[in-house]
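As structure tokens, the structure follows; a few thoughts come after it.
As written, the chains take the letters A, B, C and D, and residue 1 is the first residue of each chain.
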Amino acid sequence: MSDRVATEFTGPHTFASDNYSGASPEILAALAAVNVGHDRAYGADSETQRLQTLVAEHFGTGATAFPVFNGTGANVVGLLSMLPPWGAVICSATAHIHTDEGGAPEKAGIKLLTVPTPDGKLTPELIATQAWGYGDEHRAQPLAVYLTQSSELGTLYTPEEIAAITQYSHAAGMRVYVDGARLANAAAALDLPLRAFTRDVGVDVVSFGGTKNGALGAEAIVVLDPQAATGLPYLRKHRMQLASKMRFVSAQLTALLTDELFLRNARAANAAAARLRAGVEAGLADGSIQGVTFTQPTQVNAVFATLPPGVADELRRDFHFYDWNSATGEVRWMCSFDTTDSDVDAFVAAIARSTTALAG
Amino acid sequence: MSDRVATEFTGPHTFASDNYSGASPEILAALAAVNVGHDRAYGADSETQRLQTLVAEHFGTGATAFPVFNGTGANVVGLLSMLPPWGAVICSATAHIHTDEGGAPEKAGIKLLTVPTPDGKLTPELIATQAWGYGDEHRAQPLAVYLTQSSELGTLYTPEEIAAITQYSHAAGMRVYVDGARLANAAAALDLPLRAFTRDVGVDVVSFGGTKNGALGAEAIVVLDPQAATGLPYLRKHRMQLASKMRFVSAQLTALLTDELFLRNARAANAAAARLRAGVEAGLADGSIQGVTFTQPTQVNAVFATLPPGVADELRRDFHFYDWNSATGEVRWMCSFDTTDSDVDAFVAAIARSTTALAG
Amino acid sequence: MSDRVATEFTGPHTFASDNYSGASPEILAALAAVNVGHDRAYGADSETQRLQTLVAEHFGTGATAFPVFNGTGANVVGLLSMLPPWGAVICSATAHIHTDEGGAPEKAGIKLLTVPTPDGKLTPELIATQAWGYGDEHRAQPLAVYLTQSSELGTLYTPEEIAAITQYSHAAGMRVYVDGARLANAAAALDLPLRAFTRDVGVDVVSFGGTKNGALGAEAIVVLDPQAATGLPYLRKHRMQLASKMRFVSAQLTALLTDELFLRNARAANAAAARLRAGVEAGLADGSIQGVTFTQPTQVNAVFATLPPGVADELRRDFHFYDWNSATGEVRWMCSFDTTDSDVDAFVAAIARSTTALAG
Amino acid sequence: MSDRVATEFTGPHTFASDNYSGASPEILAALAAVNVGHDRAYGADSETQRLQTLVAEHFGTGATAFPVFNGTGANVVGLLSMLPPWGAVICSATAHIHTDEGGAPEKAGIKLLTVPTPDGKLTPELIATQAWGYGDEHRAQPLAVYLTQSSELGTLYTPEEIAAITQYSHAAGMRVYVDGARLANAAAALDLPLRAFTRDVGVDVVSFGGTKNGALGAEAIVVLDPQAATGLPYLRKHRMQLASKMRFVSAQLTALLTDELFLRNARAANAAAARLRAGVEAGLADGSIQGVTFTQPTQVNAVFATLPPGVADELRRDFHFYDWNSATGEVRWMCSFDTTDSDVDAFVAAIARSTTALAG
């Protein structure tokens, strides 16, 4: 194993990102299971048809899936299908499409109208700050709203909050796209079916994320209101997101949607984050951990905290994680489907050692 | 198996495309082998580092690989890295980037200057018909040449032919990109190391194709002359071709480059096409097959032939393949790494039955 | 004047292009006439309203004009308004959008499907060679046809020819755009109202060219079928073709459309070309001109001819014109609205001197 | 005149925008003066050469001008010439390129990184909030800074302020572009040569605006550091900003740069705004005007003020101007080169009447 895992990791698991983890065994098994003989390419294969059936079961009759390679591809192609050329997208200032896609939306000609938020979540009032200028040719027209569920800051929209957004947005003439790179974590935390907080509350198009939840590399654009999206086969192809051996992408998604694997994986990741949070809180309570403050609620699989100076570096001798805001000392600890209790406990102990050592 | 393979296939293997086949067992095994614990994302993982080592072994010291998801992504991102914004690409009228990418190059702002060819292959003389207008702001500047090796018509460039092209092109101020979706088939047919007909003969950037040669979905942009390509990490990211769990893409490519799997697979596909060709030729010689003519030499894994009217439909009752030019009755028969001798023999027999039936 | 006109011109008029000429006095007068006080910007001014009235008179009730800065802007913005993102444009291989716009359509994401033609003119049969692949996501969808009237080769479509094209195209699901940079020359040559060979024969959108016909810089996208074009105000703005002081663009066009100035100018240019052609033909007949052959009919204001080697250089000592195909010695002689009889006669005499001298 | 000026204007001059005004007579005269015979197209004419000489005189030896049609075209093409494909632009949240170009930068693939400012002006500290993430492929790379001089809010950078910005930006690896749609107003207000607050303080590329300062429609991208800009002729052409009869664009700019017409016009506009401000301040002092507050200093030709509810509507019965922020009642009053003292005095009187009427 040593030639596969970077030597800086003393343990097999990190808190850097849920894309540092590998794949669930069920998903590797699914790849092997579909690896039988020949099948049509570009999505005309039978596994992709099975995926449609499963997607309709989970998201509602008529929901259709367009498998793509990654989250950025899902977001950009999904949004393109919902907008005329002069359409712009309202999103949070923390939106993945704005902060972490290298400018991919703009390369596809999409202007983003960003709104600062305290917790990464939009509301009708916040959206309204950008929902104006209709008919003014000097303003890119706000015609779609982009939400991330669960958000980049690990926070969660309730179904009611999403319903309020879709009602407001539709009334204003805008469609609603949900970036579901971590949709499963939301479903697990809300303990609701996928459709309950997407299709049933007015979301027009959602991405169902596999990669961050135990897949190797698989996402699907799921169209919930067929009136909302046009030309997806063409857009996906010419934006270079069309897999030829699509059965291998679809199989990852069907495996996730079979026997609730997507929920089991997400629950495990959420639980690990909850355990991590609880462990740190306990340490703060009994004094074994000092100087750590949380900057966001822990609702899914991410913990955002601020560390005293020097602690992050100390911790990184054994555990890998990202800075979120180096100016303030805010860090992000992400848990994956395979993060174990002992991983978490070891990390909590390390946090205790580091903060105590540096505190005094 | 019945729910995985379309029922119109009576045999497990088709002659439709080398992306109808599945994956080599070695490649699935490689995915399982890298599925150990956590590793850095976005290409900073150790498997991607191993890939660099293997790529340097095969393509020469200093050659660097940028894994991407599909051939269209490799072509467009590779070409973008070689061109200023006003650069255009000279290519054959049969070029995949022109005929089969849904306009993806144009969506990325790249203008193609196409040249008709008799056999899908460019030559310095043919390239010269478009290599003019330098300094004329009204003309998109021809600054790159795109070749496909082996070509869309299943034909092959010798190393000397490529050298002539690169010498001409470089002297004219153009860089040379080789679409290597079927590079392995060329290597197998030429019986030469990969570098012998790419790096060693002046090719600047080449894509190494895995998907059509037994991978699930993996291609790499390989930069042979670092002076030729700029900004690839950024271009790959904002053109949506950056895999987060890149180890799973790299592992497919390292598996192909280990123990010559890429050659074994390609030789098998080439041999199947040769057997198919020979079988049909034998049938034509002894009269058991009538009215079939070949439109291109069979140099790798594709056979292009013209069938008498009605024969394609008859054959399609049992075997799947594509029309190439319905006006003329030209069809394309593609062999994959897993096409067996009995697949081929059964197909030849069916061709005999169909042509005889309809002729008589 | 000497500091304004390049010293290589011994005469004030050239045969290089109809954009070498200046502006009709009526148009300068129109600019002065609208230069009164303040008026709304961006097309809400009263002169732009007058233009709409004149355009409706000439092109038919309901025809609407969108003034833009240049022909490339008209073409690209016009085509964008007629296409979904996956739409491609069928055009002649000599089309201005393909040969002379520096790749502007591709920069706007438009793929061109070119068709070789003998005389720069498309026909239903020629268009049909590219009108296929509908529904195939791998093929940019042919959804618009682009014609140039009068063509880049100075040839002319009859109304019947255009009607045949629009009928064919509409039946195939394609819209028809006419590049009218030299529309006036066509109207003059056909001796028909503008609507007779555009709106009345099914053209969906046409550009009305001013710049090549005595304006300073003014073109209008004219929408003939409102169903055919969507979002023009937005497209024009974000493609940077929206004039703030639009009255000064509109005034050039209203001046052209008033008292048939556009026809007077075009007739003059056409007549000059006819005179030039006749003069050369007479010279060929009486032997005073040798070795010149015409490559296209002279139907409007351009003469295309092949000159013996060395003659072009000799002629260029006094007269400026462009090579059209240096390999064959083909040149283009363009006449403008202000090309006089004596200009033409002097040129004919020079051609006689040059060809005779070099002939020996 | 009645058919040219919208009937809602009782006076010939408005306070809506400096693009509501017409053209200086000197500029119309310049158009007539260059309208002599034929001259080369696309900028090879002698008037464009004269422009280069004048630009070098005003901006420094080696400064080169690229005339374009409008400010949006200058900004986008100028920025494109300064950036690699992965480059992003740091700008104020009030930047014209962000608020008023319909998304044109994004259509050209440029991502904007916006910074809130109190007065429309950037500072090194403000720029630094976005000048990070270098080398991170997930972040569009901040490689240019965009300033507007004078700003969208009518505020002014001193040469020292610009020098601080260019020093900071260059040290951080970023080039500096100045949107000079109202550069002349800045020059007039600063009472400095154009080069003193552009070239001499490190600005790399600046647009010289004519349209808002008495031209019909003419702007020039002026390259001050040739190392900073690449490919402008190609970029201008394929972004559809290349005028064929360029002498008519250049003549407008040469006229402005001759005998300081650009300064005379700008001084007039600035003086009118100063008079307007002073008149309102006097009214506030003596009580004849009530409830009006200024939201920005009046440094050039714009006055930004907040009006009590209902006053704007009342005023608009006779005077045209724009709302700036309808939520707060903020309006913008722009003065043009042709705004007279009596225009201003009449407006001040109307303000007095409106505010008094509604207050009492």
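Couple of notes before you dig in:
Going forward, a contact is a pair of C-beta atoms (placed from the backbone, for glycine too) under 8 Å apart; a residue touches a chain by one contact, two chains touch by 3 or more.
By chain, with names taken from UniProt: A, B, C, D = Threonine aldolase.
Worth saying up front: this structure is predicted, and the values here are computed from it rather than measured.
Chain centres here are means of the Cα atoms, and by that rule the chain farthest away from chain D is B. More than half of the residue-numbered contact pairs at B-D reappear in one of the options A-C, A-B or C-D, namely A-C.
Annotation: 34 Å between the Cα-based centres of chain C and chain D. Between chain B and chain C the centroid-to-centroid distance comes to 42 Å (mean Cα coordinates, whole Å). Listed for chain A are residues 85-86, 101-103, 107, 109, 137-138, 140, 234, 237-238, 242, each touching two or more other chains. Considering their complex, residues 1, 3-6, 9, 12-14, 16-17, 19-23, 28, 31-41, 44-47, 50, 69-73, 76, 101-104, 107, 211-212, 216-217, 234, 237-245, 247-249, 320, 336 of chain C touch chain D.
Remark: chain A residues 85-86, 88, 99-103, 105-107, 109-111, 114, 137-140 touch chain D in the complex.
On chain D, the positions that touch chain B within their shared complex are 42, 80, 84-86, 109, 137-138, 140-141, 230-231, 233-238, 242.
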